[in-house]
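One structure, as structure tokens, below. Some questions next.
The letters A, B, C and D name the chains in turn, as written, and every chain counts its residues from 1.
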Amino acid sequence: MTTTANRPEVSLRTGGRGLVDRVGRVRELGIVAALAVLFGITGAVNPEFLSLDSLRDILLNSAIIATLAVGQTLVVITRNVDLSVSSVVGLSAFGGALILADQPGVPIAVVVAGCVLLGALCGALNGLLVGAAGVPALVATLGTLYAFRGIDYAWAGGRQVNAADMPESFLSLGSGSLLGIPLLVLAAVVVLLAVGWMLRNLRSGRELYAIGSNPAAAVLAGIPVRKRVITAFVASGALAGLAGAMWAARFGTVDAAAATGKELDVIAAVVVGGVAIFGGSGTVYGAALGALLLTGISSALAVLRVDALAQTAINGALIIAAIVLDRLLALRVAAALRRRRYRDAR
Amino acid sequence: MADTPPVLALRGVSKSFGAVRALREVSLELAAGEAHALAGENGAGKSTLVKILSGVHRPDAGQILLDGEPVEFHGPADAQAAGVAVIYQEPTLFPDLSVAENIFMGSQPRGTLGRIDRRAMRAQAVALFDRLGVPLDPDRPARGLSIADQQLVEIAKALSRAARVLIMDEPTAALSGNEVARLFGVARSLREQGCAILFISHRLDEIFDLCRRVTTLRDGGYVASDLISAITPDDLVRRMVGRDLDALFPKQDAAFGEVALQVRRLTREGVFTDVSFEVRRGEIVALAGLVGAGRSEVARAVFGVDRWDAGSVEVAGRRLKPGSPSAAMDLGLALVPEDRRQQGLVMELSIERNIALAGLGEVRRGPLISRVAERVRAADWAQRLQLKHRSLSDAVDVLSGGNQQKVVLAKWLARKPAVLIVDEPTRGIDVGTKAEVHRLLSELAVGGIAVLMISSELPEVLGMADRVLVMHEGRLVAEIPREDATEETVMAAATGRPAGGGA
Amino acid sequence: MPADASRPGTGLFHRWEGLILILLVAVTTWASLGVDGFANSSNVSFLLLDVTEIALMALTMTLVIVAAEIDLSVASTLGLSCAVLGWLWNAGLPIEAIMPICLVAGALCGALNGYLVTRLGLPSLAVTIGTFALYRGLAYVILGDQAVADLPPAYTGLASATLGPIPVMTLLVALLAAGFTAILHFTSLGRAIVALGSNEEAAFFSGIRVKRIRFWLFVASGAMAALASLIFTFRYASARADNGSGLELAVIAAVLLGGVSIFGGRGTLPGVLMAVLLLGVVRNALILADVANEVLNFVTGLLLVASVLAPNLGAVWRRRSSPPLEGKSAS
Amino acid sequence: GGTTREDVAQQASASAAAPASSAAADPNAPIKPGLKIAFLPKQVNNPYFTIANGGGIDAAKEFGGEGKEVGPSEASASSQVSYINTLIQQKQDAIVISANDPNAVVPALKQARDAGIKVVSYDSDTAPEGRDLFVNQASAEDLGRTEVQLLAEQIGHKGKIAILSATPNATNQNTWIEFMKDELTKPEYKDMELVKVAYGNDEDQKSFTETQGLLRAYPDLAGIISPTTVGIAAAARYLSDSKYRGKVKLTGLGTPNQLRKFVKDGTIDGFELWSPGDLGYLASYAAAALASGQISGAEGEKFKAGKLGEYTIGAGGEILLGKPTVFTKDNIDDFDF
């Protein structure tokens, strides 16, 4: 599916190492441009949108999706996908909230760690299904999407955990900030930077790209493919678990339906962020920017006094506009590079 | 030498894939400081043997010995750890990663915190390419590399491992003389440093050039192991094929008809410039040049796979619509592409369906496909090309490399084209069948087809072509008639020395 | 990938399909014997009717996925077409004029997807996530929060009419299914779809009009969603902008359960149709048996995973004792 | 020409009596033992419906019947139909339904009624031909108007206000909003302006974002009405941590447990809701009375609903539960649901 999509820029990126080249290599350029356009236009119409408070809100809104997108990127890079993230978020949000409500004695750190662990367990199940048993990831995680949500419903049995049931100290994680930066945003940024660093600088990180790029060749290269794939799923699950804790802290009211349907938002963020859905390329930074762009769009639409009924349509149109813009930019840079190479050749 | 056990050896190894017995009780010994050749027809089991040595396959019976001790390889990682480096017959690159990363995947130089030292990695890659004498950019992604460049990256990858045993499965199939010479230079120096080498090629002269010993396989069985100095090429062919062969280049003279393919001032920016030539009916024109000269790119553009920026292509006087292979096919053009796995075949489809793919209109009865017509068409060509297969409904990816190449040829020949472009038509094909393919091309030309042949194998070019076009850095630099075509004239033009005639 | 399960994946029937068939027979037998009210004719016709839209959209979705693309916007296209229907009906157009307009609207939605995918080379997943929101949003723009209900009884009646226990709409599905099966498995177009889904480049080199075929597959997918929307609207006698939301996952689940490879190039329509039925039967039987909804979801998920897992378990077992590439060649 | 939702609403309120019932009612008939009553909410596992149906099932126990809750996990118009079909096959005596779409369920409900099953709608009505009775939690008119009155008092009848609803297609929300708009036309609200109806789609994240958007787009906003439990909780959570706490007033429909914290910390002065448990309880009794022949669904008939006392069927087959409760920090601790 990706062959045509990638061909143009590919055969062309070579030779010179000038500015165009360097810029052309920054796959995230298109998203940054789209973000700039979005914030520019919205800010011009309503300067309030660019106020510190508002920017803080937007960052806060994207923190959870960005965390999920980082995990999803790990999986997508290996030519897999994790559709079950939203159910894992729901499960861990509800589980965490329930413990906080029913066992007030348990320290918050333990609860958060428990959420992460629960997520990691779910991820391990996905990983085993995909990595060890060879079930295609889409099928496996579509299955666990239903299954985890089923467990969540059965566990909750219609119960809801409310803000009043949870300790204030936990809720303040969702709203508090450090040096003016919201804690949830800090958490997301730390996760982003850590994973981004590992993907770029560690052998195991590069091996994830290799697996997604050509799975059979990865085996021949002696890469422990199964282990890496399982690890990617575990990491995605653990981050979804963390996102669950973030969800509970942020929204305060949690029932079994929490985060239903968010998997599409996460995948949209990843794809808009330039991560190739069939593996092998893309960065977590792109995915996080994608998450920021998508939440930015909804925030902008809410601020712009757009007719509520038209919002969904405009949202969709803007997503498409963003990927088209990104694509056109890539083609431009590619064409420029091809002409340059020609001149170099003479 | 007799005291030290062979570095790596096979003893009585057998391997079957379902009903196919790919190897039967084969033994082989690789000694330190010795280059050992493996010869055999397509499908004889050479690659299977390689994959057993590299831990990809497990033998059904028999043993692998490392320094005389039996070992078990549970996967490629084990073999690598034991110091075995392999160049597989089909390139196994990661298209999204840079060339340098491809080379060092899994063994990247590391700094503090396990951080990959990119600068060192790049420098080492450049050093490797210098050693091989190829100007590849280590920072470009592997996607889009020509098949020859991919092969070179594979070679660099194997060399980077500083292995005790270097196994090369047809590393030269896509390379031209220059690169082969460089590769052999490197191989010799490795050999001198005590590395054991296993070398596979269908080009017999290469075997005689590099190796000290040769083991022959036939139909999965062990035939013989000889000292190279003790046999002649004809002996070797007899061991492989079990009979004597006809002339390798049975070129018949054909009468040339009107111009069938006319290319005028064709330019694709950054790839090739101002390419003009014509091919007449009955003529075989060879397009020669070094790897990366742009020959395949011209062929792709002519066939409509790539677009061009300027110029025109005419087939039998009719202008071709750019960028549309189906339009080109309607005018009787056919292209046998160089990369069989990517461009030639749909690996999951069966042999017969692959052969039918380029002529779906011809196996139709009414609106539906006729399986009978499809099978008849496939069976006919499988026979003519001596395809070694179990059943025509097997997926092509279980075929050996050379047999896959035959399927690609069959797919296009079955269309009975008026203009046939073949890009490295005999890549990976064994000597016996190669003669058959050459006879076929020659016959087609006699039958009035215009043939444009791209080949990196100079003897093939000289033996088959009525006229040789030579490309250098994206330009056509020489046109040499059959009488004047010699290794010297062609190579001079191909390397850009002004000796050749100007175009 | 469960590659070995159904190689070389282009014929009509493979091990996978056999497995689904066995499951279908087993579940149906169990339900008929063990679940009250399952095996009576009104329930059977209801069951068949209930999978109509999913079955229809699964037909084109199968082709799209075999061609290594995906269309997540089908349910939104369905909603948009419903909205168009409701809006035009409110505006007083005769229903016979509205129906073709809806089909055209659906085809146009598909064409936009196809254009973005084939001309701009965008990944279909990204494009259709965007149009997923766009088309649903347009539905809201067109019909707002209204629900149009007084549709002509002739059509609402037809949508749920039955011949014996067989709903008329099921006959329509059967007809279309036969047509699409013929196309995918017995025509050169079908061959071309399989080939381009498996190796686009090789297909292009073989003179297959890769882009054109993909474009028209998206158009067909959109038009089929519109057809499903007509049946949906008449069946529920209610045209709303949020009709059918969430159906895309059900459709894709059925297609995957039917053995179609998400990477393209492999899959059969009989398998998909049996999977649609299997999911329908399981749902219906479990609801009749008063199984709680959460269990229902759980079972759906389990079924999806288990059906793929089962044929793989043997392979997993074998793999324990041999290296990973055994039986496959390095590609 | 077609019918729009508004027409349906008008029909509903102005309509003639519900379809004539087959048998004449016998007010003194005893409730039949062992009645099978099924509750079909918009969505199962939704805390609101869990409480409501719990009340209904308790009622069924009281009169010796058998109650159960079934339903889809996603609140879509079509998904309820499968369940109605199932209930027909299971030969239930009565179905108590809260419709996701007033029309889409009608064909199926008609089949159920043809099969002799009594149908009572509650919480969210179906088109009248689909059911025998509608148990209304609070008259839509009452609810819409009191919401506006509540907010007006909190903001001193002055300033810009906005509504944060569920999905654009949510039937009861839309009816309430109509009445809110109507109430706002009265002279005492001349200084209040409804600037926007936003939709949070009953999702936490979306409701959050919409609340933020409202405050940015209208920095001088005085109050928000959110007639949906998800919306009001999300809005309250956002306001309570922002600089707008206590400045921008919030009211609407929510459960006391959900909003207790926010009432106490001053984010919310007051909100209202009926008792969901009582709603289910009453619907259960109404269904039993129908199935036992105590009532036929005609206007003016009376029946006893256990601990809630006697109810009279109003115009259009409607039964009104009563006035909703307004929760403030003075009384909120008396409730637990």
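Throughout what follows, a contact is a pair of C-beta atoms (placed from the backbone, for glycine too) under 8 Å apart; a residue touches a chain by one contact, two chains touch by 3 or more.
The shown structure was predicted, so the numbers you read here are calculated from the model rather than taken from an experiment.
Trainee: Which chain's centre, taken as the mean of its Cα atoms, is farthest from the centre of chain C?
Mentor: Looking at centroid distances, B is the chain farthest away.
Trainee: Of every pair of chains, which is linked by the largest number of C-beta contacts?
Mentor: The largest set of C-beta contacts joins the chains A-C.
Trainee: Can you give the whole-Å distance between the Cα centres of chain B and chain D?
Mentor: Whole-Å distance between the two chain centres: 74.
Trainee: In whole angstrom, how far does the Cα centroid of chain A sit from the Cα centroid of chain C?
Mentor: Those two chain centres are 28 Å apart.
Trainee: Return the distance between the CA-based centres of chain B and chain C, expressed in whole Å.
Mentor: 43
Trainee: Please work out the Cα centroid separation of chain A and chain D, and write it as a whole number of Å.
Mentor: Comparing mean C-alpha positions, chain D is 37 Å from chain A.
Trainee: Among all residues of chain A, which ones touch two or more of the remaining chains?
Mentor: As it turns out, chain A has residues touching two or more other chains at 149, 153, 216-217, 219-220, 276, 309, 311.
Trainee: Counting only residues that touch at least 2 other chains, which ones in chain D make the list?
Mentor: Those would be 44-45, 73-74, 168.
Trainee: By residue number and range, which residues of chain B touch two or more other chains?
Mentor: 56, 75-76, 88, 92
Trainee: Each pair of chains that touch: what are they?
Mentor: A-B, A-C, A-D, B-C, C-D
Trainee: In the complex of these two chains, what residues of chain C are touching chain D?
Mentor: 36-38, 40, 42-43, 46, 50, 86, 89-90, 92, 140, 144-151, 156, 160, 232, 235-238, 240-246, 283-284, 287-288, 290, 292-294, 297
Trainee: In the complex, go through chain A and note every residue touching chain B.
Mentor: 6-7, 10-15, 17, 201-203, 206-207, 209-210, 212-214, 216-224, 276, 279-281, 338-342, 345
Trainee: Spell out the part of chain D that touches chain C in their complex, as residue ranges.
Mentor: Checking each residue of chain D against chain C gives 1-6, 8, 44-45, 68, 70-74, 76-78, 81-83, 85-86, 88-91, 101-104, 106-107, 127, 167-169, 171, 174.
Trainee: Write out the stretch or stretches of chain D touching chain A in their complex.
Mentor: Listed in rising order, the residues of chain D that touch chain A are 44-47, 49-50, 73-74, 168, 196-199, 203-206, 208-210, 212-214, 216-217, 219, 230, 233-234, 237, 241-243, 257-262, 264.
Trainee: Considering only the defined contacts, which chain B positions touch chain C in the complex?
Mentor: 17, 51, 55-58, 73-76, 88, 90, 92, 303, 305, 325-326, 328-329, 335, 337, 341-350, 353, 356-358, 360-361, 363-364, 367-369, 393-395, 397-398, 411
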